[in-house]
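Shared between the two complexes below is chain A, which has chain B as its partner in the first and chain C in the second.
Showing the complex of A and B:
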C-alpha cells in the first residue's frame, strides 16, 4: 500500500482540473451555443431582428398616391421608387413618422446608369447614345437634361401625348 | 481489483487489450448518447424561430436565380444591398461584373466599385463580340468550405440552407475569407469580423424579398423557396438549363445562373 498517496494526489489533480475546466468553459461558451448546431442559437433571432430599410414601391403609395398611380401606369412601373430616390427608412421611420425629405436626383447620370448604350446590355433594352439623342456628350449635359422631355415617373413620350390629348 | 505493486508488462498489455475490445463493443451497441448539437423543434419554438409570425424555418429551403441575359448592369442591386445592410464603402456583399470578350478570345472583366454606380462606356479600342453582366454574391453553398474552417463556430448553416456569420462569435481570423472560392466574404473594417451576404435574412424571415431582388428592374434576380410547390424559381430550375459557378469545386452553390459563359468563374 505504499503508493496509495500518489493515486489520491493524481485523482485530486484530475478532479480539480475538470472542475476548473467546467468553470472556465461555463463563462466562455454562450448558453445558447449548441442549441441547434455548432453555433450560438440566439444569433438567429438577432439576425432576424435587424430592421428593414427598404419598403418597396407599395410603401410609398399610401402617402404619394398620384405619383404612385402615374408611375404604375408607365414603363417605369418595374423601377423601384427607392432606386431613384433613397431607402424608405431615411424618409419615414418604423412608426410612420416623417424623418427627412427624400432626396431627388435630377442628374442625367441617374437615367444613363440604366439607359446609357453599352454593348454588354441586352439588345432589347431601350438605350441611347447622348450624342445621337441630344447632340451633346455626357459631360456636357446639365442637371434635368432628360427631364425636359421625359417625365421621370412615366417616361414614355407617346403616353404623355395621349394624356394631353385626353385633357385637351 | 486491488492495486498491485508490480504489474508485469505482459499482464498490463493483456488488460489493455481487454479494455480496448470492451470499448469497441460498447461503441457498436445501439446506446443513444444525448447529443447536445441535435436540433429539435421544441427549442426552435423557444428561440422564436417558429410560431412568432407564423415563420417556421423547417418549412423553407431557399434558392437564388440569376438570369444574366436580363441584367442591364444598372447596379441598383448593389446600391440597395449597401443601404439595406449598412455595408461600409468600398466593400460589397453583392457586386456586378462586366465581361467583354473579343472574337480572338481576349477577355476583359471589370467591376468599378462593385458596379454600385453603374457602368460607364469603356474600352474604345476593344472590339467585343460578346458582352454581358454577371451579378455575384454569396452562393450559400450546401458543402461550404467557409463553415468548415471556422475555428469558433461563428459561421454556420441554418435549416433553411443559409450560411450566416455570428459577428459576436467571430474573432476575425479571416480563414473563411480565404476559403471562399467565390470571394464573397470580407473582413468588415468597422466590426473587424467576417461579413457577407445573408440573402437579407432579416427580410426573408418577414416574408419580404432580399433588397437586391426587390431593386432589380428587369427581373434578372429572383429569389425562391424550393419547399413551395408554386414557387417561380423552383419551376424555372426544373424546366430551364441552369448553370452554377465553379462546379468543379463541389461546394454545391445555391445561386443558380442562366446564360453563363465559359469565361465566368
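Showing the complex of A and C:
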C-alpha cells in the first residue's frame, strides 16, 4: 500500500484517542456507578451522612412554645416555620447550640410569594392584587406593609378578637 | 413580576430553556447547512461551488467547535457536561448527543484535514520556526503530495463527505427530535420537527455562506464568482420553499384538525408570537427573501452581477433572521403557553444576564472569529487562476 502513510498516522491518532477515552473514562466513572441503578452507589451513603438542615416546626416549638401555639391556631398552621424564616441549622446547629438569630424577612414579597394573585391558585385562597388591596403597585410597597395589619403567624383579621402578642 | 395571562400552573411560571437553547439549534443548524453546501461540491460535483468548497468546510468546523458553548453556559454545572459522554443513558434522546457530535466532529476534521493536506504540506515546506512546527504537526509529519497520494485523498474526501451528509443530518435532526419527541407539548410534538429543523438549517447554512463569501471576497479585493452566487441563490430558494412549506404544513394541519391544542396555539401565533412568527418568520424572513430569490433566479439573464450579489446578500441576511426567529418561536413559543392550554406567560431575556442578549451575541460572534482564525491557518480561497481540482 503506497502513499498511505498519512492514513496510518491519522488512524493511529484516532485509535489512540479512542484508547485514551476508554482509559480516562475508566477513571472518570466512579467505581460504584451502576451498583443500584444508573447513578453512583456511594451517593446514597453521602446523602445519608449529611447533617440535618431543616427541623420542622416541632423543633421550633421546643423553645418557642408561645409562638407555636398562636401559629397552630391560625390559618397558617400548615405553613412550616422554616418556609418563611430559614432552615433550622442557620439558627441552631446539630448539637443544639445557638448559631445566630433567625432572620426575619418583613418584605411584602415574602407574603406575595404565596398570596400574589394568580389564576392557578385555588378559588377561596387569599390572593392579593396590591393595587386593589393597598392602593400601591408591588414595587412601591415598603417592608412591613403587610405586617401593619396582619400577624404573619396568624394572619386572619376576623380572629382579631383573640388577643395575641404583637407579631409573636 | 411575571406578565401572565389567564390560567397557569405554578410550574409554568419559569422559562427553563432560555435564549441559550435558541442559540444552540441555530449554531448547530449553520454547521449542518454549511456542510451540505460543501458536499454539493465534493460529492455531487456541483462545480459552481468550487470557490466555497473549502471555505464551507471551515465554516462548518468553526460553528461545530462552538456549538456546545450555549449549552455549557446554560447548564448550572457545566463541569458535569462530560457525564453525557462517559455515561450516556439511552432512555434519553440527549444521550445521542455525545455519539453524534463526536462522530460528526471526527468525520468533519478528517475531511478538512484531507482537503487542506496539500496546502498544509506546502506551508510546512515553505515556513520556518514555530509556524513550520505547527504545519508539520498538522501534516502528521507526512509530506507525501505525490499525484497518487492526492488522488487517494480526493477519493477518501468524497467518501467522508458522503458519510458526513447523513452525519450532519443526524446531528441536526437529533436537535429537532429533542423537541419533536416531547409528547406533552403540542407545539413541539410532531415527527415533522426534525425535518423542519434540518431544512431550515440548510437555509441558514447557505445564507451564512452567501454573506461570509461576499464579505471575504470584498475583504480580499477579489471578484465574487457569479456562478457560485447564482448556484447558491438557486439552492437557497429551493430549500426556503421546502422549509416554509413544511413550517406551514405543520400549522395548517394543527389548524385543520382543530384539536384541543389549537385553542392555545392559535392565540400563541397571533398574539404572543405575532411579531416573531408572523412578522419575522413568515413575512420579513420568508416572503420577502422568497420574492427576492425568485427574482434572482428567474430573471437571472437580465441581471448584472452586482445586483445579483446585492439581492442574494439581502435575502440571505433576512433568512438568517428567519431561521433565528423560527428557533425562537419553537423553543420559547413552546414554553410560554401553559400546559393547561389556557394561559400564557412572557419571556424577555435581559441584556446582561448570564443567558442574556449579550451572551447570545458573543456566542454568535465567537464562531465568526474562529472562522477568521481558521482561515488564517488554512487559507480556504485559492487564487482564481489555479486549475480546477
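The working rule: the second predicted complex is superposed on the first by the 117 of 168 C-alpha atoms of A that agree within 3 Å, B and C clash if a C-alpha of one lies under 4 Å from a C-alpha of the other, contacts with A are read in each partner's own complex, and residues count from 1 in each chain.
Just so we're on the same page, a residue touches a chain if its C-beta (ideal position, glycine included) is under 8 Å from a C-beta of that chain, and two chains touch if they have at least 3 such contacts.
Quick caveat, the model's predicted, so the values are computed rather than measured.
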Contacts of A:28 with chain B and chain C, given as first, second, both or neither: second
First, second, both or neither for A:19, with chain B first and chain C second: neither
Contacts of A:72 with chain B and chain C, given as first, second, both or neither: neither
Touched partner set for A:3, first chain B, second chain C, both or neither: both
Contacts of A:42 with chain B and chain C, given as first, second, both or neither: first
Contact breadth on chain A, by residue count: chain C or chain B: B
First, second, both or neither for A:116, with chain B first and chain C second: both
First, second, both or neither for A:136, with chain B first and chain C second: neither
First, second, both or neither for A:52, with chain B first and chain C second: first
Chain B versus chain C as contact partner of A:86, first or second or both or neither: first
Touching both chain C and chain B, counted on chain A across the two superposed complexes: 2-4, 7, 33, 38, 116, 118-120
Residues of chain A touching chain B in the complex: 1-4, 7, 30, 32-54, 56, 78-80, 82-83, 86-87, 112-114, 116-122, 125
Chain A residues touching chain C - in the complex, by the definition given at the top: 2-7, 9-10, 13-14, 25, 28-29, 33, 38, 116, 118-120, 138
Contact set on chain C toward chain A in their complex: 1, 4, 6-10, 12, 82, 86-87, 89, 106, 110, 113, 117, 139-142, 144, 146, 148-149, 152, 156, 338, 340, 343
List of chain B residues in touch with chain A within their complex: 3, 5, 36-37, 39, 43-44, 47-49, 57, 69-76, 79-80, 83-84, 98-100, 117-121, 128, 131-133, 153-159, 164, 166, 168-169, 198, 201-203, 205-206, 208, 211, 214-215, 217-219
